[in-house]
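Structure first, then comments.
Chain nomenclature is as follows: A, B, C, D, E and F, assigned in order of appearance, with residue numbering initiated at 1 for each chain independently.
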Amino acid sequence: MSEIGRGVPLAITAAAKRLVDLALEEDLGSAGDVTSECTVGERTPGIADIVAKQDLVVCGVFAAEMTFAAVDANVEFHARAAEGTHVVKGAIVAHLEGPARSILAGERTALNFLQRLSGIACQARSFTQAVGKHKAKILDTRKTTPGWRALEKFAVKCGGAENHRVGLFDGILIKDNHVAAAGGVAKAIQSAKRLAPSLLKIEVEVTTFDQLKEALAEDPDVILLDNFDLDGIKKCVEIARASNKKVLLEVSGGVTLARVPELAATGVDFLSAGALTHSAPAADLSLELSLL
Amino acid sequence: MSEIGRGVPLAITAAAKRLVDLALEEDLGSAGDVTSECTVGERTPGIADIVAKQDLVVCGVFAAEMTFAAVDANVEFHARAAEGTHVVKGAIVAHLEGPARSILAGERTALNFLQRLSGIACQARSFTQAVGKHKAKILDTRKTTPGWRALEKFAVKCGGAENHRVGLFDGILIKDNHVAAAGGVAKAIQSAKRLAPSLLKIEVEVTTFDQLKEALAEDPDVILLDNFDLDGIKKCVEIARASNKKVLLEVSGGVTLARVPELAATGVDFLSAGALTHSAPAADLSLELSLL
Amino acid sequence: MSEIGRGVPLAITAAAKRLVDLALEEDLGSAGDVTSECTVGERTPGIADIVAKQDLVVCGVFAAEMTFAAVDANVEFHARAAEGTHVVKGAIVAHLEGPARSILAGERTALNFLQRLSGIACQARSFTQAVGKHKAKILDTRKTTPGWRALEKFAVKCGGAENHRVGLFDGILIKDNHVAAAGGVAKAIQSAKRLAPSLLKIEVEVTTFDQLKEALAEDPDVILLDNFDLDGIKKCVEIARASNKKVLLEVSGGVTLARVPELAATGVDFLSAGALTHSAPAADLSLELSLL
Amino acid sequence: MSEIGRGVPLAITAAAKRLVDLALEEDLGSAGDVTSECTVGERTPGIADIVAKQDLVVCGVFAAEMTFAAVDANVEFHARAAEGTHVVKGAIVAHLEGPARSILAGERTALNFLQRLSGIACQARSFTQAVGKHKAKILDTRKTTPGWRALEKFAVKCGGAENHRVGLFDGILIKDNHVAAAGGVAKAIQSAKRLAPSLLKIEVEVTTFDQLKEALAEDPDVILLDNFDLDGIKKCVEIARASNKKVLLEVSGGVTLARVPELAATGVDFLSAGALTHSAPAADLSLELSLL
Amino acid sequence: MSEIGRGVPLAITAAAKRLVDLALEEDLGSAGDVTSECTVGERTPGIADIVAKQDLVVCGVFAAEMTFAAVDANVEFHARAAEGTHVVKGAIVAHLEGPARSILAGERTALNFLQRLSGIACQARSFTQAVGKHKAKILDTRKTTPGWRALEKFAVKCGGAENHRVGLFDGILIKDNHVAAAGGVAKAIQSAKRLAPSLLKIEVEVTTFDQLKEALAEDPDVILLDNFDLDGIKKCVEIARASNKKVLLEVSGGVTLARVPELAATGVDFLSAGALTHSAPAADLSLELSLL
Amino acid sequence: MSEIGRGVPLAITAAAKRLVDLALEEDLGSAGDVTSECTVGERTPGIADIVAKQDLVVCGVFAAEMTFAAVDANVEFHARAAEGTHVVKGAIVAHLEGPARSILAGERTALNFLQRLSGIACQARSFTQAVGKHKAKILDTRKTTPGWRALEKFAVKCGGAENHRVGLFDGILIKDNHVAAAGGVAKAIQSAKRLAPSLLKIEVEVTTFDQLKEALAEDPDVILLDNFDLDGIKKCVEIARASNKKVLLEVSGGVTLARVPELAATGVDFLSAGALTHSAPAADLSLELSLL
């Protein structure tokens, strides 16, 4: 692993390794890259650059590096941009040297990682910048691509936003169905306080002012205001403030980039958006090969 | 597997199974769904519907079914819409009965499959409809999410578009780098004709009129016109027609939904777009649970 | 899965499945059970009981069931005691019917699961009962057998104790090394408050009264009193009470069964003991087969 | 692999690798070590010693080394004690240098291997030493932790005891159920002699003097005296001696450390004890980190 | 699993399962059976017979069944011949009903298992029959196809021959290199007697009459006469008889079908032949489909 | 990977890696190489040559190298013959240095790869040479050993023959069952032309002259003449020539080495033979070890 990849935690690289293996398997199959075998000499050497075709926040260079390492240990990979860096169109993100066939065999898979992860990082950056001077933090959700949770959450952080729960295990988030099962907001919070693991905080989702008040009375750590309109959110903030409780407020539902400024201006603590991960357009990068 | 899932080929379900396992592992970890364990009774029964929150082309119901089967064999899953069906907002895509905790544990993963695959199917449908009366077929590319190749290509077909190569192994596609390595378009095609497996056709990418003419002289099966502007494409079509060769033409590069009509009108055979798979926004679906 | 196994969460059964596969592989190898093949007829039917040879808290019946299911789908398995039940010597924990060879092939693996998990559950029960009328909860630690984290933590709960963090991901626990790296207790807590995921509480380990006071000033959720003697713990409790902070206290280090009563009497909230999982003696169970 | 790990056979290291992967997965999950990420700088270097906190027989250093290698290739691991060495309290078992975060991420998993394997090695050593001047060898059993068979049997050898069968495949051991199925001790042995693979010896379990005599008449290689009391064992030894057969005798059932001397004094060849592997208390080791 | 498959031990079916998965993956890839998708209706039902195209010993029906079960749970598979049965040309080995596409997708993989395993069983049967009235048993070797050890050894038994060691773990076989390392035949046997696990017999390979005599003096369980010519073997038999030792003799090296009668006539106990597994020609079977 | 292994594509080495792991697992199990542990010192060094015991076409050296790399990273492996090279009896194929125990542990697995793959390469070479001056190319089939598709197809190429389809995904091959399902040869071809992926050619199997004529009318890319006798094939060639269609002809069914010359003389383009892969006798190689 080059210097660039060193800072990426094991939980992320382990998830990437599984996907690298799946990706090469699905792209090469048991027959391999027949085009290169027909047109490129077995030992033709190549050098290549991975280039940003638009301004972007770099994410996934470590996965590109892992891809080429899996294809052929003889490909040298030199990262030129650290994860999370903002680069301009034309910037070189990585430089490669090695057998041309091996570079071509890994090209698409490496780019597929970079385009998706950098795309999410760009999206996260846009949302974060739209907050402006307000205190609100942008959070992701669990609406991620199956198999990609750790990677997409890493990209969100590269873009400057923060991670909500990583899974069902690192936080108590009481939603409408839990409320219904427990017999009301108050009962659900009480039940969670009694039974939750000792180091997990409790967040509860509310959809009405009455539920908000019921929740505030039970002292949860965070309250999630789900699908309120702007005025509703403003009123929720007032109610919470009036309660004098030390509680954080999160807004979810319809958190689009366009609405971030007005939502952040309400004074809530968190804005969470599934679109960060499930609908970020791919960033544009390409691999440019020269034969020696 | 319910009736719905029966028609999905093994290559697709096998790919889905791997992702279902990864997704449940990343969402449940070794600690599981602590919120439900704190707020929902161990044996509380539930019934639920998966509902389309927008008009959409259904894709991924089989993966949702596999998700719940992996979570708990006691969850009954009844698909209500076949893969590839167009449904309107409010339509019920599947109905579930079983332990409420198990339905909640699988909810997000199941929806994450549906939102992504239906999103791609919708995108494919939009592109296909934009072709209008012209003969051009919409093709996907290999710009897919690592680990998701088979599933995303299946979604493309559900939306009415067609698949280009599935991997590097099921077709010869000579690109710029191969041309350079082989010493020119003609040499590359000749080399491929001599060495390619007997059942693979040969497609060659050209970026200039001269390359197009050089290619036509060698009788490839398909010629890919890469990044020509509209007038360039029209001229390419004329050159190809004038050559009297039985060759198919494909256009790639900048194939956006808005440009599909004018590109299709040029008379080319294929339009290929990476955006079908790498930048399709997620479709909106939700799971609505009732406790019995 | 029989009725008994239904309540065991997926995160637990998934961990068990991996170990069942490893265990059968290591016990049967590629050559199988040669003794039974030499001495027991291929179709000889058998019935068997799994019997407790001592009073014990049952844990692992679901894993025994999974073992026989993996050995041979023709073995019927009927659980006779639910996970977490206390049974007396001689009690039948499960009843089996099926090919004698298959019962013998799975016998040792099934018992190896039961003896370990029931052993831990017994240990947890002893610790819990030793607390008496005090409020202290017994917690496990991360000192578990590699590969067995989820199962051993499940056994702890079956024995009536509670789980501390499941892994490094579901709680902030600042230990001596983190304190050193951050430049002191206060700085470490401040840093964690600023950077921790929003739904994780913060616990900090202290080893001196000064550290305790420094910690209290920063309002962590839990303070871990590590390796204090009894008088030291009592003094810590006083200091914490005097601070008027809403903080929970945990004691770790040398928490043996014999010391639980006096430690619990100090009024702390949690006692954590690695011995629950790493040094619990195996419970005694056997499989008694009758040939039909 | 450092010099220390070189002597460990592939069958052992392969088993350890699987458990290392499972252990890191269960400890780091998809979210990783959040505490260290909040309190320790990404590039803070560390040096650490793994220290024996009691006199012990070292076992598992190779697994600790594999753990850190899996966490981060930048951690240098220097073993300071060979597998099977007896060291005193305070001895340094291994020395590490590398990123502090990586050392902390692997700490618990590495220690969990060492504490369990060294604990078994210590137990084996105690049993072996208790034999004194007698010829009896201490054997383990198949009562091992699922997934840990090869490792625990390796630890037994590190402690100076010997391995009984590794699985169901490397020896014929006719137990009560096989005797019943075959229609008696004599018939079972005859059947095994006729059908067993040519390089496997035959051992038969007996529980009465009559069975012992019946067995002796059939010339098995080893006879297992199961659950006889001390006088019974002595009488069995006499009967066997009187038979003039070249047979080895093994005692099992209730072979506790306290009884080893008297059992060994009876002149039997083997004493086998499940407690070696299933009830050995963990050895005490810790990792002591210094930040540079 | 149908009645036929029930008798096949887990160690065999587990090995088969891994190969079934690999085989379907390599045959279907991520793109699947494109021919059937183009020419056979998605729901066209089919019935099919697997037919012997020559007289043969059936082996591998269980693997064929597992193949179709993996392809599509809707294919019903009815075995018509038990493993190890001798059938004549034209015999129906199995009958299938289900979706035609699924039958076609599994056809080649199922036949590939049957042709290989039945081929080995036929070879084993030929060798066994060539022994005639002599006592010699035909043994296989470890010269098997990587990944296929358990399956090929099962086929050998189906053909009536017997298994030598399954791996390096279930018998001591001292070969020339071990003799050299130990410092001679006698020393090697003594060393093995001292160190070998208690239930493993000891076989030693000799290539000269002197080595044979040296071996006999040490009482091994079996002596392997490697690459002696016919007269040499006869002389070895005499030497062994004259020694009055209870030792078994095995012949290896150049054990072809043609030589089996003369080799068996020498009176040795075992003839081992790598050709049983590594050079058995495939048996001829086909799948005949009818569309309903 | 040494210089020799560098040219082997990832799709091949990835397939080999899986089999290397399976093979070592089945040969070493969880108990390992007990003979070497009893007779060879733990650190005894060795040097060894892998030697051809017959003239042969080398194939599988890369797999042998991977085997020893998996057994012990301290074994140095020096390939002495490139894949596909023809060598004479006595030639050294590879040279090894390292711990003698490790060389012995990997010996059989490495040879098992070499004997099978070189055997197939030899078979392919014999077939290819039998074609003589005719244009016919020798093709393999999908009648390969499950799990070995990519490796066996690689061996075929090393022997100078060519690969037919690698799987069901890289070519349309319409067989009798597809013809039946589609309602005739013409309809099947038309259907495939309409539905097949754009880069796959279409081959159709015919068994009568009428079918041949029906096929020719539809312009497939290749026609497979299945099980015609020699005169039939000659007549087919005439019919095809008379049609003036640009179609290639393949012969399958009964393509034995003896018949290759007469079949090639008919002027067809391809001869395909399952025997290349399913019935090639193993090549003879051995490993000769010297202890230092």
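One rule holds in what follows: a contact is a pair of C-beta atoms (placed from the backbone, for glycine too) under 8 Å apart; a residue touches a chain by one contact, two chains touch by 3 or more.
Computed from a predicted model, the values in this text were never measured in an experiment.
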*Could you tell me which chains are in contact with chain D and with chain F alike?*
A, B, C, E
*For chain A and chain E, what is the smallest step count along a path of chains that touch one another?*
1
*Measuring from the mean C-alpha position of chain B to the mean C-alpha position of chain D, what distance in angstrom results?*
52
_Rounded Å distance between chain B and chain F, as computed from the means of their C-alpha atoms_ = 33
*chain B and chain C: spacing of chain centres that average the CA atoms, whole Å*: 45
*Which residues belonging to chain B are in contact with no fewer than two other chains?*
11, 15, 25-26, 28-33, 37, 105, 149-150, 166-167, 169-170, 172-173, 197, 200
*What topology does the chain touch graph have (line, ring, star, complete, other)?*
complete
*Which residues, counting only chain E, touch chain D once they are in their complex?*
11, 139, 162-166, 169-173, 197-203, 221-222, 248, 270
*Of all residues in chain F, which touch chain C in the complex?*
25-26, 29-31
*Mind pulling up the chain B residues that touch chain C in the complex?*
24-25, 28-33, 37, 42-43, 70-74, 99, 101-102, 105
_Touching residues on chain F, where the partner in the complex is chain A_ = 1, 6-7, 9-12, 14-15, 149-150, 166-167, 169-170
_Residues of chain B defined as touching chain A within the complex_ = 15, 18-20, 22-23, 26-41, 44, 100, 104-105, 108-109, 111-113, 115-116, 119, 142-150, 166-170, 172-175, 177-182, 188, 191-192, 194-197, 200, 274-275, 278-279, 281-282, 289, 291
